[in-house]
Structure formats: C-alpha cells, structure tokens
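A, B, C, D and E label the chains in the order they appear, each numbered from 1.
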Amino acid sequence: MPLRAYYLTPDGTLQRELSEEQTKAAFESGKGLLWVDISETTEEDGKFLERVFKFHQLAVEDCVSPLIHPPKIDDFDDFLFIIVHGINHMVESDIVETAELALFLGCNFVVSNHNAPLYSAEAIRQKVETDGRPMKHGADFLAHTLMDTLIDNVLPTIDQMSDVAQDIEEETIHNPQPPTLEAILKLKRSTLRVHRVMAPQREVINRLSRGEFPMIRTEAQIYYRDIYDHLVRIEDLNQTILDRADNALATYLSSVANRQNETMKVLSIVAAIFLPLTLVAGIYGMNFEHMPELKWEWAYFAVLGFMGIVIISVIWWFWARSWLAWGRKKSTWVRPFAVSPEKLVGYIGRMAKHPRKNKQ
Amino acid sequence: MPLRAYYLTPDGTLQRELSEEQTKAAFESGKGLLWVDISETTEEDGKFLERVFKFHQLAVEDCVSPLIHPPKIDDFDDFLFIIVHGINHMVESDIVETAELALFLGCNFVVSNHNAPLYSAEAIRQKVETDGRPMKHGADFLAHTLMDTLIDNVLPTIDQMSDVAQDIEEETIHNPQPPTLEAILKLKRSTLRVHRVMAPQREVINRLSRGEFPMIRTEAQIYYRDIYDHLVRIEDLNQTILDRADNALATYLSSVANRQNETMKVLSIVAAIFLPLTLVAGIYGMNFEHMPELKWEWAYFAVLGFMGIVIISVIWWFWARSWLAWGRKKSTWVRPFAVSPEKLVGYIGRMAKHPRKNKQ
Amino acid sequence: MPLRAYYLTPDGTLQRELSEEQTKAAFESGKGLLWVDISETTEEDGKFLERVFKFHQLAVEDCVSPLIHPPKIDDFDDFLFIIVHGINHMVESDIVETAELALFLGCNFVVSNHNAPLYSAEAIRQKVETDGRPMKHGADFLAHTLMDTLIDNVLPTIDQMSDVAQDIEEETIHNPQPPTLEAILKLKRSTLRVHRVMAPQREVINRLSRGEFPMIRTEAQIYYRDIYDHLVRIEDLNQTILDRADNALATYLSSVANRQNETMKVLSIVAAIFLPLTLVAGIYGMNFEHMPELKWEWAYFAVLGFMGIVIISVIWWFWARSWLAWGRKKSTWVRPFAVSPEKLVGYIGRMAKHPRKNKQ
Amino acid sequence: MPLRAYYLTPDGTLQRELSEEQTKAAFESGKGLLWVDISETTEEDGKFLERVFKFHQLAVEDCVSPLIHPPKIDDFDDFLFIIVHGINHMVESDIVETAELALFLGCNFVVSNHNAPLYSAEAIRQKVETDGRPMKHGADFLAHTLMDTLIDNVLPTIDQMSDVAQDIEEETIHNPQPPTLEAILKLKRSTLRVHRVMAPQREVINRLSRGEFPMIRTEAQIYYRDIYDHLVRIEDLNQTILDRADNALATYLSSVANRQNETMKVLSIVAAIFLPLTLVAGIYGMNFEHMPELKWEWAYFAVLGFMGIVIISVIWWFWARSWLAWGRKKSTWVRPFAVSPEKLVGYIGRMAKHPRKNKQ
Amino acid sequence: MPLRAYYLTPDGTLQRELSEEQTKAAFESGKGLLWVDISETTEEDGKFLERVFKFHQLAVEDCVSPLIHPPKIDDFDDFLFIIVHGINHMVESDIVETAELALFLGCNFVVSNHNAPLYSAEAIRQKVETDGRPMKHGADFLAHTLMDTLIDNVLPTIDQMSDVAQDIEEETIHNPQPPTLEAILKLKRSTLRVHRVMAPQREVINRLSRGEFPMIRTEAQIYYRDIYDHLVRIEDLNQTILDRADNALATYLSSVANRQNETMKVLSIVAAIFLPLTLVAGIYGMNFEHMPELKWEWAYFAVLGFMGIVIISVIWWFWARSWLAWGRKKSTWVRPFAVSPEKLVGYIGRMAKHPRKNKQ
C-alpha cells in the first residue's frame, strides 16, 4: 500500500509525493524520469497502475499476487516487465526466503513493486530523498541500481552461511551429535534454495546486458553485465558452502560408525576378560569328590595369580591389535576426530613429502 | 462419450446441443467460435471427428486411445493438435495420476478431448453455459483457459504434498518408524512423477507463446507465457518438496543408526556391570580348602560392599563418557531427535553468533 | 540366409520369390515397390546386395557384421541406410537383448536386414503375403511399418518389467531376502539397458520426421513423428519402473538395518534379564561361613521371588521403551513391513488431514 | 627416434628409407603420397619436421612432448594437425593407459608421431612394406586406416574388462571378500578412464566426417563416419561394464551387511541358550539350608531334562523366526548368495508369472 | 602498490621505471609496446589507471576490489578487459587458493593487475628486465605469456595432489584411520576447487583463440588455443585424482564395516566357547544330594577333558566357516587390505585368465 512517486523533471528538479494526476502527467510527458515505488502491493495499487500507466493486466496481476513468480522479462514494446529475486534472511529464525522485486522499465519511468518492505529499495529511496542521485542517469541506471542492491544483499546471507559451515565443521570434528546432522541438512537446504533462486536470474540479467532492449542504452549494458558477474560469484561461494556441508555430512556419518565400533570394542573386551575367568572359578566350584587341586595349600592363591595373568594377557593382546589406546596416540581411535584441523593440514603436508611406512 | 457442442455465432448468440449437421455447418462457416468437448472419448467419437472435421487419423487415434501420450504440438496447417497434461490427485488413495487433455485448435473452433471427466473442463463448460464468457475472446483464448485451468489444478496437489512433507518431517524427528520411511519414499516418488509430467510441457507451452502459430494471435501470446510461468513455479515448489523429502530420508537413516548404537550401549553397560561381579561371586564359590577370606566374619558383607562400589564405578565411568544421560541434556542421545525444530533453529542462530567451544 | 523378395508392380500385382535377375530388374525400373527382407544376413547376402543394388561397402558390412551398431541414418543420396533397435526379451531367461534392424530405404525399394529372426518383420511379411497391404502406400510407409512394429514390440517387455516391479515391491515389504536384492538390481539393469537402447533413437526418428530426406514424403512424416511419440512414452514408462526399483532398493536396505537392530535387541534383552540373576545366584553360592541369609527358612523362596520380580521389571522396562511389542501395534517394529500397502496409503491420507501428535 | 619414410610416386612405385632430401623433394612435389612414421619422437625429430615440412612450432612441440594432449584438430590451411587417442592395455599389470597418435594430414602427405611403439601403426607399416596397399587410396584413406586401427584396438581391452566383470560378478555372489571390492573399484576406474579417453574424440572424428576440411574428400567421409560409429559402440559396451560393476558393488556392500547380521545371530543364539541355563545351574548351586528340591532323589536328572527342554525350545523359537536354516531353503540366509545366477533368473521368471504370497 | 612500467619503443629500446607522464605519452603514441604491471592494486592505482588510460570505472573497480571475480572478457572496443585465474597452493597449509590476474589488452599496451604477488608475473618481469624478450612480439603475445605461465603454474599443484592421492591410497589399504578419511575429503575438496576455478576459463580462452577480437592477431590465436589445450589437460588430470579419491573413500568406508565385523566375530567366538563351558561347570557345582557323577573317581578329569574337546570343536567350527584365519591366506580377512597393490593387480590379471571356482 505505501506508494511513493518521485519525478525528476527534465530541468533537474525532484518532485515528491505526486498525486495520481501529476503522476499520469509526468508519465505521459515522455520526458524526465518518473519513479513509483509500491510496497505491499494491493488490489487498489493494481487498479492505480492500470489507470495511470495502462499496464497489461497480466503484469499487474503478477505484482498484486502474493505468490513468488519465476524471474523473467516480458517485453511490452513500450516498456519491460522484469521480475528479479533476492534473498531475505530471517536472522531470528535462520530461514532463507525469496524476496521478489517486480519492475516496469520504460524510457522515462521505473515502477517498482514488492510485497514486503525491501531493505534495498528503501536504501535507494532514501538516497533519492537526500540528493536525487540514483535518478540522475536515467531509467536504465535507476533500474540497475535497484536490481544490483537487491542481489548484492544476498552476500551477507552467504557470509552468515559460511560462518555456520565453519561452526558445523568444528562441531563435526569435535563433538558430532544428532543436532549437528540437523544443522548440516539445514545448511544444505539453504544452499540449494539460494542456488534455485539465483541460477534462473543469470539468463534474465544476461538478456538485459546484451543490447536486446532499446530501453537499456549501450553505456548501461556494462553495468548489467556487472550484476551478472555478481550472480556468478554468489553461486561460486554458495557452491563452496555446499561442498563443505557435504564433507561435514560424510565426516558425521563416518563418526557415527566409529562410535558404534567403539561401543562394540568395549563389549568384546569385557567379555573376553571375564568369561574365561568365570569359567575357571566355576570349575573350582564344582562338587566332585576327587579334585586333587582343592586340597593343595596354595592352590587358591595360584588360581588368583593365574587369573591375574589371564587379565594382563588379554589386555595386552587387545592393546597389540590397537583396540586399546593407552600409551598410543590418542587421536587414532579413542576420540576419532580430536585432532585440530591445523594439525591435520600439517599431517597431510608431511605425508606428501615423507610417505609413511605404516605397515602395522 | 458425453459430447457437448457449443457455437457462438458471429453475432454473439450462444447455441447449445448442436446436432452433427449443425456442428459441421458451424465448423465450415469459418466464422464465430465452435467448441466441442468430448469426455471419455470412444471409437464412435473418433469417427465423428473424422466425419465432421476431417481430422488426421493419427490425431484422432491419440484422442481415442486410453494410453497417455507425451505432451506435443502437431501442426496440421489448418489447425493445431495439442496434448497437455495435468495431475489427478486421488485423495482417498493418495495416488498421483496424469490427466491428459487433447485439443484441436483452429481459427474458429476448439475441440477438447479427455478420457476421464476433467474438473477443469467441466468448470469452464459451466461458465460457458452461464454467460458464454470464456468463448467471447476467440479460439486461442478458449484453448488458453482450458490449459491454464488444467495446469493450475496441480497446485492443490502440490499443497497437499507440502503438508505431507511437513508431517513427515515432524514424524522423522519425533518418532521415526518404518512406515515413516515408506511415506518418505512415496512422497519422493510423487514429486518425481509431478516433475516428469510437468517438465516436458514447458517446451510445448513455450512454442505456443512464441508466435510460431498463426492460430494464436499476438495479444494471446502473453497469456500462454503466463501458463509457462505457472509451470516454472510448480516445478520450483515441487523441487522444494523433493529437497525436504531427501533431508527427511537422511534424518531417518541416521536415526536408525543411532538407535542401533543405543541398543549396543545398553548391552555393553549390562555386561560391564555384571560380568565382573559374577566372577567375584564365582571366586568365593570355589571349594578350595585353604581360602582364608571365607572364615573372616565380615567378609560376606565386605564383598557385597565391594560389589556395590564396582557397580557405582562402572556406571560413573560410562556416565563420564556420556554413555549415560542422567542429569545431562536429554537431547543429546537418549531421544536423539527430541528437540523441537524451533529450538534447533535458535540453536543454529546462536551458533552462528557465538561459535561454541565444545572440546569434550 | 533366408532372403525373401517381393515386388509390387506399378499396376498393383504382387510378385513373390523373385530371382536375382528379377530383383535387379525391379530395382532398376525405378517404379513400383520392391521389398527384400534378409534374416540372419551372411557374407553371401552381402555380396548379393552389392551386386544387385550397388550399396556402399560400409553399409553392407554393417548388415553382415553380427555386432550391434549404434542407431543412425547414413544418407547416400539415392537411398538412406537406417539402423534402429528394438528389444528382444528372452522370456525363459529374463534377459533383455538389443534387436537390430538395418534398412535401405529408396524411392521404390526397401531392403531390411536382421541378424536374428525378427517377430515384427515376420508379422509384416505375413500381412504382405496375405493381401500386400503394408506395401500399398509406398516405400516410406513400408519402412515406417517395419520400424513402428519393431519399437512397439518393446511394450510387452515394459509391461513384464512393470509386473516384476510390482512383485518386487511386495516382496520387499513382506519378506526381503538377498534374492530380492538380486532381483531389484537385475530390474534396474534392465531399465538402464532399455533406456540406453531407446534414447539414441529419438534423434534418428526425429530426423526422419522433419522432412530432411526426399524419400520420406510429407504425408508420411507425421507417421514417423508418431514413432517418436511412442519412444517418448516407452522412456517415460521405463523411467517409472526405474523409480520403483530405486525405492525398493532403499526399502530393502533399510529393512536389513532394521533386522540387525532386532537381532541386537534380542541379545540385549537376554543379557539384561539373565546376567543380574546369575549374579544373585552366584552370591548365594559363595562359601563364606558367615552368611546369615543362608540359614533363614524362607530365604530360598524369597530369592526365587525376587528373581521373578527382576525378570518382570526388566521386561516392563524394555516394553515401556518400545523394545518389546506385546500389546502394541505389531506394525511398528516386530515385523517392520508387515503393513499392507493399502493401509499405508490410508495412513498417509489420514496423516495429511490430521497431523499426528506422537510425542512419545 | 625410429623414423621411417615411404613415398608412393604418382606412377605407383613405392620408395622406402628416404633420405631427408628425398623426403623434402617428395613433400614439395605436391604429388603422390608421402608417409613419414616417427616412433618415440625426440627433439631431433622435431627439428627434422620443422626443417623439412615447415610445420608450426606448437604442433611440433605437441609431438615431441611426452605429455598426453587432448584430442583435437588444428587447421593450418595447408594441413591438419590431428591428435587421437587409443588405449594401451598392459596385460601383465592390468593398467589402462592412453596411447596418443599425432597426425599431420596434407593433400599428399601423412606424418604420424607416437611416443611409444604403437601396435596399430606397426601393423599398417608392415602392410605398406608388403604391397603398399594402405597408401593406394590417398592421404585421407591412409590417415583413416591409422586412426581406425588405433581405435579398434580398444576392443580387446573392452573384451578383457568384460571378462573381469563376469568373474567379479561370480565372486561377489559366491565369495565376496575385500579383494573383490578392490577388483570392483579397479574395474570401475578402468571404465571411467576408457570413457574419459573415448568421449572427447567423438567431436574430433565427427568434424572430420562432416566435409569441413578439403583434405578429406567426399568419398572418404563415410569412412570417418564409420570410426565415429565404432566410438559410439565402444562407449556403449564400456557403459554396460560400468553398470555391471555398480551392481556388483551394491551386492558386495549388501553381503557385508548380511554377514554382520549372521555374526550377530550366532552371538544372540548362543547367549539365549546358555545364559538361562547357567542361571538354573547357579540357583541349585546356592548354599541355602532350606532348599527342598536338593534332597529329592530325581531332582538332578529332572533339572538336566528341563535344561534339554529349554535348549530345544529356544532353538525351535529361533528356527520358527527363520534365524536358523536347518531344513529350510539354504539360499535364504546361511549363505546369502549361494544361489546360482541361473536359478535366480528362473526365480524371477516364475515370480513374474505367479506372484508369490509370502506373508510370513 | 608496487607498480612497474616498461616501454618498448618502436625502435626496440626498452625504457624502465616510467613516470606517469611518460606512461601516458607512451600509451597515447599508439606505437611500441607498453607494459604496466601492478601488484597489490590499491585505490591509488585505480585512480592512476583512470587518469592515464581512461579505463572504464567498472573494470578498474574489479582490479581494485580484493574479491575474486569470475573469469571473463569485457570488450571495450579499444581494449579488452580479461580476468583469468590460476591456483596458489600454500605448501605449508596445503590450501588451494584462487589467484586472480586482471589484464587490459590493447593494440600497443598490456596492463596487468593482481592482488597478491604472482610468481608467474614476476618470472616474466625478470625476463623482460634481462633482455626484453617476452615483449618483442607484441601485446597479444605478452598477454599470452602472462596467462600461459599463470595456468601452467597449476601443474605443480596437480602433481602434489597426485602424490597425496598415492599416499592416501596406500594408507587406506594398509592402515585406514579417521585422519585418512579427513585427508580423502580434503583431497576431494581440492579437486572440486581446481575444477571450479579451471572450467569457466575454457570459454574465455576459447573466445580469445577464435579470432573474435582484433587485438589478437591471427598468428597469435594458435597460441591461445594452446592454453586451451593446457586447460583441458589439467582438468583431465584433476578428474583422475577425483576418481582416485572416490575409490579411496569407498575402500575406507568398506574397511570400517569390515573392522566392525571383526570386532563382532571376536565377541561371538569368546561367547560361544566360554558360555557352554561355564554351564557345565555350573551343573557340577549344583548341590543336589543325588548326583552320581560327583562320586566317580575320574569324573573331574573327564569333565576337564570334555571341556577341552568342546573348545577344540567350537574353534574348528568357526575355522571351517572361515571366521578364523590360522592356516588360511592371511589376506582374506584378518588384515583385510594387507595385500600389496602389486599383488592385487596380478590377482586380477590371473582372474581374467583362469576364472576361479571358489564355491565355498
């Protein structure tokens, strides 16, 4: 509903808060630059657009509808109808949402629509209020500024996701728990969402930068090409985060398997120590009349000593097979991922130079 | 078999229930707009189409055949033969089926065929009966309305799948059971089906919106482009559901592994407590003649006390290694996924700001 | 070696069993329609083709060679050399094999080669013997009929694979065993094979339907387009079977994990019940002189009673944690997949409407 | 270093062992056909090529360098510089290596370079020595023969890999062991290598067969198209081997899981039989004064009998739950994959006809 | 900030350390070859470039910005703005980083920018200082040399990664530990990074070699095509390393499962030996009055002997089922991967010739 209209007259004066008639007159003059910014577009605004600008009903419907529309350019000869997407990152809930910006771009006017207050549009509006600068280079530059700010606003989200990836990697190495898995999957889904939002825009921005439309002058095209480069960079960063999430997932799943193995080792060691000894005790608890050992004076202590020897032997056997870690490098199995990443890096570096001879 | 013919004469009168001769006359007049809607097309209807309209035998066969044909446009110069697909969602059985609509589109006629009663065609037929509106703008708009309604009818199915995804996610977190797996796989299959039905239509609708065919006038093309946008949006929503199903699958599989681990822990703890004690009892059950402890007066109670100490020590040891959860955050392993999603979100949010130092 | 030549003279008479000279004369007349069908092509047949038709040596070599060649069209100006593939399904061994058909298509002749007797070619040959119908519309229609029959013959195989998929799904749910896995993998491989055979043909058939070659007249092109549609439909059906096999695989693997979990639960329950009791028995089997309980009159029965209480408590504890299923819905874990698919569907249906509140 | 030059003079005489001057004269005459074959190309050979033929320095460098270069065609107007790849299969070490052949193709000359002695080039050289046949049809045919022989030499390797796949499949079914896994992974890597070597050549060979270069006459193009078909066939065979390796991998991994399950079943059965009986023995080993059963005359034998009954009951219980296989179809779990593939095929065949009713 | 300018005057003199005015004069003369190399480009350098060369603000911004920009060519009619990427491999930390080189290429000048000191640019600068050689062939050749050196510098990194892959493979076979997994995942991520850096450059280099830009003369194009070939080769090598890492991952995961199996076997064997014997000892420890065996003179030794027989029988049973490895080929399961790769290769070689008949 908040609708704000600005008109930069051909002689460079900035008019604000235009009435419907003034807007219509400015639009029909074919000169200067008219910018109408509509936030939370309503049915009423839709009718306003049809009345004043005679925009095609379908384009207006796309503005009014609260649904997300795919990025696109519709060429209506007199003007372009452009839809581009940004990312709204809800900090408090960590949810990645698509922010839609719809633009009507003519030779002397830009109409921008968005269903939610848009930080980027607001920033430009304030600059216009201050000194009118973003409007001074014409409609194509104003539209560029709006789109560029929208897409660059994705970068903080990417940075934040990168930080989350960093934390997840550390947590996966030091203390992987089910919530870690949840966090990994959530991060993967966020990267997929960013990819799905950004990728289809490349084609749209590419067409704008190719000189296909007369509303975008030759000198402006390179600026649209710049937006394209930003899109490519965002996708590359996003892809790197996805790779890290995939690696964290593999590490997590492997550490779950390692823990299970550790549990089984504890069980096996306990059984291997105590079951044989219980048998020995059971044998000397039998009630046969003729069991010569029972009468030997030191037999009891001999049996206790024998049991001690068995315990030590079994423990030694497991130790020799690396099932027990006392006196070994702790990193190898007790806490599988307790090495810091820095050590790991060094470890690989050394490995590359002095191939190890671990034949154990 | 139900065949209904409507004719909007050039002077704007709507004729209904045309006989074969009237239909033929209307078709051959080359004026006005003739709409023939055939549901549950039979051999007999096929012959009718060949007699009245002289449609090509192959196109008529595609209408009559109960099989599903790929979406396509066949250009027969005088008319287009178009096949598009929607989704029929059987609510009672949760099965996703392809609904096929075959259209003959000429300059002054539309013939629509479908092997099952089609909710979308029926809705338009009723509007025509009421005030003839959908037929007032010509054949290309009528065909657009038929296709648009068919494809928009996919959205309720998508919404329902989205609800199912929501329920599955919750169930996967709170109480994953084999039926949950079945539900996840079923959902994945539904999304794949929707994708397979929708994706090939983009090319068909794209060609219709490009001005390639004279039956579709310039002013109608943008409306076909609008159908294209709907297809893109449906695919995006569908893809998001697929992502959610994939994540639920990963969570499910991981929780199965966690449960197994829990089972093993119970076993290990039981064995580690009772096997050593049984050995102790066995030792004092041996029948050696010279076992000095047996005669000590408080020996029995000393042994019982020792056993109690062993039990407490073992439990403490497992507790210290986080195998036991009393007094710990329950979320970590007893009920691996008992945290609510809201908490998780908050958890990640905090994590992003204060990287944890879990070095345990 | 079996070589059969038919000649439909320009005046509509069908000549059979032509000699080499008659064949050559018919070919060189440039009129009527000559069809030579060679089954199990030999070196001798190759020489015959070079002598009579002067076909290029490389094309003849492709016919004679027993190897499978990729589908293709070679344009030799006077004629086309076409290779298309069908599926031979060996019912007794359930193996999917590629059936190759090589065609020389000129304006007044078709030469078809196949290394194995081909059911589809044989069927058409019999129709020709009966009334000459398939040859009445010219060389392009005869070639179309041969290819169309070949490719449509894939459908029974697809149907059979679909039945196998149905059986596998049921078996995976009710009684997954290693042979089930074998069957799933075999089915996947069959679908991949069908895909690999069918996919490259789309380009070949597409070129034939595009009016690129003068041997295929305009009125025949739509019939080749029809073959194209059949290919697309076959691939879609095949893809659906692949999806089902993938789902069956996921279900199978998950049920293997579930069984393992069940095995572990049995072990843990047995240990948790009997190890503590054995300790109790061991304690009262100790030979200390001062064990006051031993002399109490009802001590023995008290201990037996205590043991009974322990057994009941442990069982109750496991039951409360859902490890035991008595009195619970059987479906949940004892027989993980004992629910019928119908129930599952209903379950999901209900789930979609009344999201459950299982917070257990 | 071995450099051999042949010159077929315009009048059909074959000159051998040409000196540098003769080679240069033959090259500059622009007539006849000159073939220079260089094996283990050295710096010296490189200078020779620059001196005699004035080849571009970069092309000569590619010949001299021992590195593998991507397949390509460089068009130098007067001649083409072509790099194609074959496979060298080291039988004794089972390693798949890329064999590189560099060709300079002009109107009256072919210069072939390879860094290792090439079986295919050697075979053609010997044919030339014998009767000069491969050189009789001109430079384009000679180049075709060289490339065709190189690429066809891949087929024996593919056959061998197919045999290995066969063996691996049998081993996976009958006796899967870690070396089987190694063999599967090695086979997969070989197929990936073959794919990576062959796939990029399709574009190169395709360009040669399209009439893009004047050095390749129209009548030779179909022969290059034949090489293209061979490439497609090789890739299809290779892909089939990859599918088989993937299936063997799935079977292997599943059989590892099955074995683990079997191990656990043995443990559970042992525990379920002996733990309860040990408790019984422990109970009657208690030293209570008032244990009436101890004095009964047949109590001992009654207890022994009771133990026997327990053993039989437990075994029966496990047998009834299919944990034990005596008297059951052996195939189901004791040796999970002991069924022969022939039986499996029959099994699936039957399954397709009489869907089983296993509701166990 | 380090900015170095060189000017090769049309008469072949090399001027160094040009002032801003001299640089501007050289640039504006349109003759000779001017090279300005800027390392660690600052805002100040940006202003210098705009003052002297009048470069477009966006291109200058890309140079000054510390961010990584996607590889691209921007055509500004008078000059090209090219961004290409290399790899900086930090030896001490084993991290793969993107090194960015930005070039302005005009007819008589090259301006190169890089945010970090670039080994490749430095090497060329020193050659220029020595004898001016790299500048003698014109601007396009100088730009080629800069790009070629940058991209060829990737090869040492690839070699190092290949060495790491070698070490990882050996470690995976001989002693797989969690750090091995970390190393595998790290290697995979490095290959993905190299791929992501190199792949997009193919399009850029391809355009430069196609004669699309007048600044690159025909004789230079083949040299750019040579860079393209290097890119393809690097990607092929990189892909091979990725394959090896994937295989190592599969081997690692399988060996984790094998170890777990081994742990379980130890447990099962211990239980199967000692639980039955403990029962026997327990039976003869019962206190029944009527146990005839107790009075037999040799009963005790008979029981001991019986126990020995049981132990041997159980061990034999496990040995016969291959659970124990004494006297068997060690390679099969005790140390699953203790075979050397050489033996494995031989094993497969033999396997290919004499298919085994292991029917165990």
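To be clear about the criterion, contacts are C-beta pairs under 8 Å (C-beta built on N, C-alpha and C of every residue); 3 or more make two chains touch, one makes a residue touch a chain.
None of the values given here were measured: they were computed from a predicted structure.
Student: Can you give me the shortest step count from chain B to chain D, moving only between touching chains?
Tutor: 2
Student: Give the rotation angle, in degrees and rounded to the nearest 5, that superposes the C-alpha atoms of chain A onto those of its identical copy chain B.
Tutor: The superposition gives an angle of 70 degrees.
Student: I'd like the Å distance between the centres of chain C and chain D, where a centre is the mean of that chain's Cα atoms.
Tutor: 24
Student: Taking the mean of the CA coordinates per chain, how far is chain A from chain C in Å?
Tutor: For chain A versus chain C, the centre distance works out to 39 Å.
Student: Multi-chain contacts only, two chains or more: what residues does chain B have there?
Tutor: 257, 260, 264, 267, 271, 275, 278, 282, 285-287, 291
Student: Which of line, ring, star, complete or other matches the graph of chains that touch?
Tutor: ring
Student: With touch defined as at the start, can you tell me which chain C residues reach chain B in the complex?
Tutor: Contacts found on chain C: 222-223, 225-226, 229, 232-233, 236, 239-240, 243-244, 247, 250-251, 254-255, 257-258, 260-261, 264-265, 267-268, 271-272, 275-276, 278-279, 282-283, 285-291, 323, 331-333, 336-337, 339, 344-345, 347-349, 351-352, 355-356, 358-360.
Student: Any idea which chain A residues touch chain B in the complex?
Tutor: 56, 58, 62, 67-70, 72, 74, 91-95, 160, 163-164, 166-167, 170-171, 174-175, 177-179, 181-183, 185-186, 188-189, 192-193, 196, 200, 249, 253, 256-257, 259-260, 263-264, 266-267, 270-271, 274-275, 277-278, 281-282, 284-287, 291, 293-300, 303-304, 307
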